[in-house]
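Each of the next two complexes has chain A plus one other chain: chain B in the first, chain C in the second.
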Partner chain A sequence: MNFVWSWPVIAFYIIALLTLCCGVIMLSVRKVIYMALTIGGVFIGASALYFLLGADFVGVAQILIYAGAITILIMFAIMLTNHEATEPGFKWSPKNIAAAIGSVLLAVVLLLAIRSTAWPTATTSQTALDGGNSNPMAIGLVMFKGYAIPFELVSILLIVALVGAVILAKERKEDE
Partner chain B sequence: MTTPLDMLHQPYWMTMGPMIVVAATGFVVMILEFIFRKGDRRWLTVLSMLGVVAALVVAIIHFNAKPTFALNTIGVDPFASVFSVLILISALLVLLFTLDFSAKSDVPAEHTYLILFAVVGALTMASSIDLVTLYVGLELLSVASYVLVAVRTHSIRSVEGGIKYMLMGALGSAVLLYGMSFIYGISGTTNLMNLSGAGLQMFSTYPAITVIGFLMMLIGMGFKLSLVPFHMWTPDAYAGAPTPITSFLATLSKAASFGMLLRMLVFIFNAPGAHLFYWAGIIAAITMIVGNFIALPQRNMKRLLAFSSVAQAGYILVPFAMFGIAQSADWAGLFDSISFYLFAYTFMTVGAFAIVYLLERDKGSLDSDALIGLYQRSPWLAVALTIFVLSLAGMPLTAGFLGKFYIFVDTMHFSTIWLGVILFATSVVSFYYYIGWLRKVYQKEPVAEVTALSASPIMHTLVAVCVIGTLALGIVPALLLHPLAGLPWIYG
Partner chain C sequence: MFHYWNPYFLIVLYVVLGIFLPVASIWVIGPILRPNKPSEAKGSTYESGLEPVGDAHVRYNARYYLFALMFVVFDVETLFLYPWAVAFKKLGMFALTEMLIFIVLLVIGLAYAWRKKVLEWT
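So, the complex of A and B:
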């Protein structure tokens, strides 16, 4: 692979570095509220990557839903409950060592497989999206025409999630 | 989408009929549940059962329909028909079970329509030919199951089981999606029909990514199917859930997940199968061995049945390993083995859980000592439990034996006899713990006065249906094999 220094490439490395940093910080801090903050950073980093790839709509949706709604919701849940909660510190137990080795192996295998593959690149018909302006239109067409059935099924999924949350959060009548 | 889709004129009723009926029943039950807040609300469950029966009728009407698809996403074909009927029958059994359960213990009435929506998800998994739709169906089934496991919020074990199931299920979904994204990345389509044609070219151009995609999809579904080593959540979720929901997880959810796994793997990876499917054989072997050996020391009856269901999943996975070796002309036999075993497994598992529930309610304990004296207390239930347990172990004249026998014959036919030998050996191991139960059932109770074990007519009906199912499939397998044999599994 030949390496070209151009602005998108530089931007990619900066964004990727920041996103990874947020991820690592999220795993290493012990206070739940900081974890929620850093995961917001990861979400914003991911949306920046989408913008870089020309997927404007997905990028905006990512900020709106993940960085906005979900992070704020997590923060609210933490603040309304026990926001002083801290995780126990990290220890080098055999289980953790095994998990670390497993994760590194998985990462190496995935990285090698991905790097060794010549990925298909988009053909012209797929990129000709009117400078990104018809991006939401293409998504809308696919979502409400081709994928109309899964789209409707998602609405049932939302009802199940809503009802489930209400059942589980309802006042407990008796305690064992 | 190259050709414009005509949204109005699609064969929706023919392809999604059972799904529409069950979903509509779910919404009706939900609204009625809001309106009628007082009194005994078990008629809602009866209403749900009627809805499922109607859906079953629709599914049977379209059983032999020509393969048809609506919007290129969901369709009716032999595969969808068989799994839809299986899912609806197990839904009926589970609803019958909850009808009795909700009379005796305190579960929110909302669980009725949650089960129905889960069934919609399961039907989607059985009949969809698009990765996105399959995934949405899986999530619908899973999210409803997480709630159903944790539905008894006053029981710490129920909540613990629910949280473990949710975390492991979410991990499984993530792995599955990652695998799907690789396949989409190299093929540019999520449609299984297009993918099935592109399989060989995909494998020869991007071998590494195809293998990783295959493994990730297998592992992701492995979490849902509680294959070893992704089974850690199983005993806790099974023991913590209300018993009807346990039987739901063990039968309906498993049948739908097997259907989805089978469809994905066979459609996408059929061409390069010889290089991939032996992985399923390895996982099946590990699952059979570990599942049966961990079950040996279990005293808690629900935990034992949980590990037994892990082992059963291993048996069902064995034919998957042979899709790579078999010619497509021989696939029909493999489909038959898998569906026959799933039908047999459904009847015997629901029956076993029903009797365990009766004992649990009576003795207030899940320890297998609760079985002692069952024969004196209720000879009929003791005999029924004997039939279920022997069928789970694989005794001749029961459905479980024939199910295992067909799979064993497949392994001989496709020269993967090592899997057959493991299947046979681990079945022998399973006899040990099942016979341990039977010894206790026929042991005399030390107390002088024996009280009869009471059970409602509903439970008697449920047990009787399961006994009939187990014995009928064991003695006259043609009942099921005949309709299966006529199906054009391979088309297009």
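So, the complex of A and C:
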């Protein structure tokens, strides 16, 4: 590995640090609603990483769907339930020690797997933000030419989700 | 469009301004400009002129969750509109038909929800 201190590398370390901080805060706060707030921070950090990788559309999708909609959905789900209870503080119980060892082992295995894999490297002409051949343009061309049927299936999936939500709400109304 | 700068510079500039403006107006410039005469009535929580009762973190009505779910569905739809709109001139009529089928299917879902009266707030 050859490290070059260019601006993207510095930006990566800042964004990664902020994202990791949000993740650690999420695990350390004891109120569920604060956890939902910090997971929004993690999603925004992930989207910043996508922008850094040149995947503009995925970054926008991450902000629009995850940081916007999914965080709100988690918030509402928490506000529906009994969220007043706070979790007890952290203790080094045998279960927690086993979980910590398991997490560290998983991290080591993942790191070894990532380092031993030969990743395809993108040339600069393929990355986004180069004017005419932009990232959403390329995705749009591929999605609507090559993958028309999966795209229509997505609309079926969405309508199933919509109808399912309506039916759940109807059943709840009959209970009252 | 701007081509003589690194495009990421604009994103960084935007983020820096987005952090700087609220911080400056709330903690730096605001305290210099505004008079500071605190009283107990000014410090209390504002709740439309009424005395605030209990905790702000109450349980919500389940109805809100349905609206959040429907928001997710239409948010995903909007996401697909974005690359479609960018690539529209190169795609032509076929993509227009595809998107029309997509939107009509979701409008049917919206009409179903409307018909079942779950959108009404009673």
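FYI, the second predicted complex is superposed on the first by the 136 of 176 C-alpha atoms of A that agree within 3 Å, B and C clash if a C-alpha of one lies under 4 Å from a C-alpha of the other, contacts with A are read in each partner's own complex, and residues count from 1 in each chain.
Assume a residue touches a chain if its C-beta (ideal position, glycine included) is under 8 Å from a C-beta of that chain, and two chains touch if they have at least 3 such contacts.
What you see is a predicted model; the values in this text were computed from it and never measured.
S.K.: In the superposed arrangement, which partner chain does A:Leu162 touch: chain B (first), chain C (second), both, or neither?
M.R.: After superposition on chain A, A:Leu162 lies in contact with chain C alone.
S.K.: Counting only touches as set out at the top, which of chain B and chain C does A:Phe51 meet: first, second, both, neither?
M.R.: Only chain C; A:Phe51 stays clear of chain B.
S.K.: So in the superposed three-chain picture, is A:Leu106 touching just chain B, just chain C, both, or none of them (first/second/both/neither)?
M.R.: The answer is neither, since A:Leu106 touches no partner chain.
S.K.: Between chain B (first) and chain C (second), which, if any, makes contact with A:Met137: first, second, both or neither?
M.R.: In the superposed model, A:Met137 contacts chain C only, not chain B.
S.K.: Based on the superposed arrangement, let me know which partner A:Thr117 touches: chain B (first), chain C (second), both, or neither?
M.R.: The answer is first: A:Thr117 touches chain B but not chain C.
S.K.: Can A:Ile14 be said to touch chain B (first), chain C (second), both, or neither?
M.R.: neither
S.K.: Between chain B (first) and chain C (second), which, if any, makes contact with A:Ala61: first, second, both or neither?
M.R.: So A:Ala61 only meets chain C here.
S.K.: Touching A:Ala98 in the superposition: chain B (first), chain C (second), both, neither?
M.R.: So A:Ala98 meets neither chain B nor chain C here.
S.K.: Tell me which touches more residues of chain A here: chain C or chain B.
M.R.: Of chain B and chain C, the partner in contact with more residues of chain A is C.
S.K.: Just to be sure I read the superposition right, which of the two partners does A:Phe76 touch: chain B = first, chain C = second, or both, or neither?
M.R.: second
S.K.: Which residues of chain A are in contact with chain B in one complex and with chain C in the other?
M.R.: Common to the two interfaces on chain A: residues 141, 145, 148, 154, 156, 159, 161, 163, 168, 170, 172-173.
S.K.: Tell me, which parts of chain B touch chain A in their complex?
M.R.: Against chain A, the touching part of chain B is residues 1, 5, 7, 16, 23, 26, 30, 70-74, 106, 108, 110, 113-114, 117-118, 120-121, 124, 130, 132-133, 136-137, 139-140, 143-144, 146-147, 150-151, 153-156, 162, 185-186, 188, 206, 208-209, 211-212.
S.K.: Quick check: in the complex, which residue numbers of chain A touch chain B?
M.R.: Result: residues 109-110, 112-114, 116-117, 119-120, 141-142, 145-150, 153-154, 156-157, 159-161, 163-164, 167-168, 170, 172-176 of chain A touch chain B.
S.K.: Which residues, counting only chain A, touch chain C once they are in their complex?
M.R.: 7-8, 11, 33, 51-52, 57, 60-61, 64-65, 68-70, 72-73, 76-77, 79-84, 129, 131, 134, 136-137, 139-141, 143-145, 148, 151-152, 154-156, 158-159, 161-163, 165-166, 168-170, 172-173
S.K.: Which of the residues in chain C come into contact with chain A in the complex?
M.R.: Interface residues on the chain C side: 1, 3, 6-8, 11-12, 55, 57-60, 62-66, 68-73, 75-80, 82-88, 90-91, 94-95, 98-99, 101-102, 105-106, 108-110, 112-113, 116, 118.
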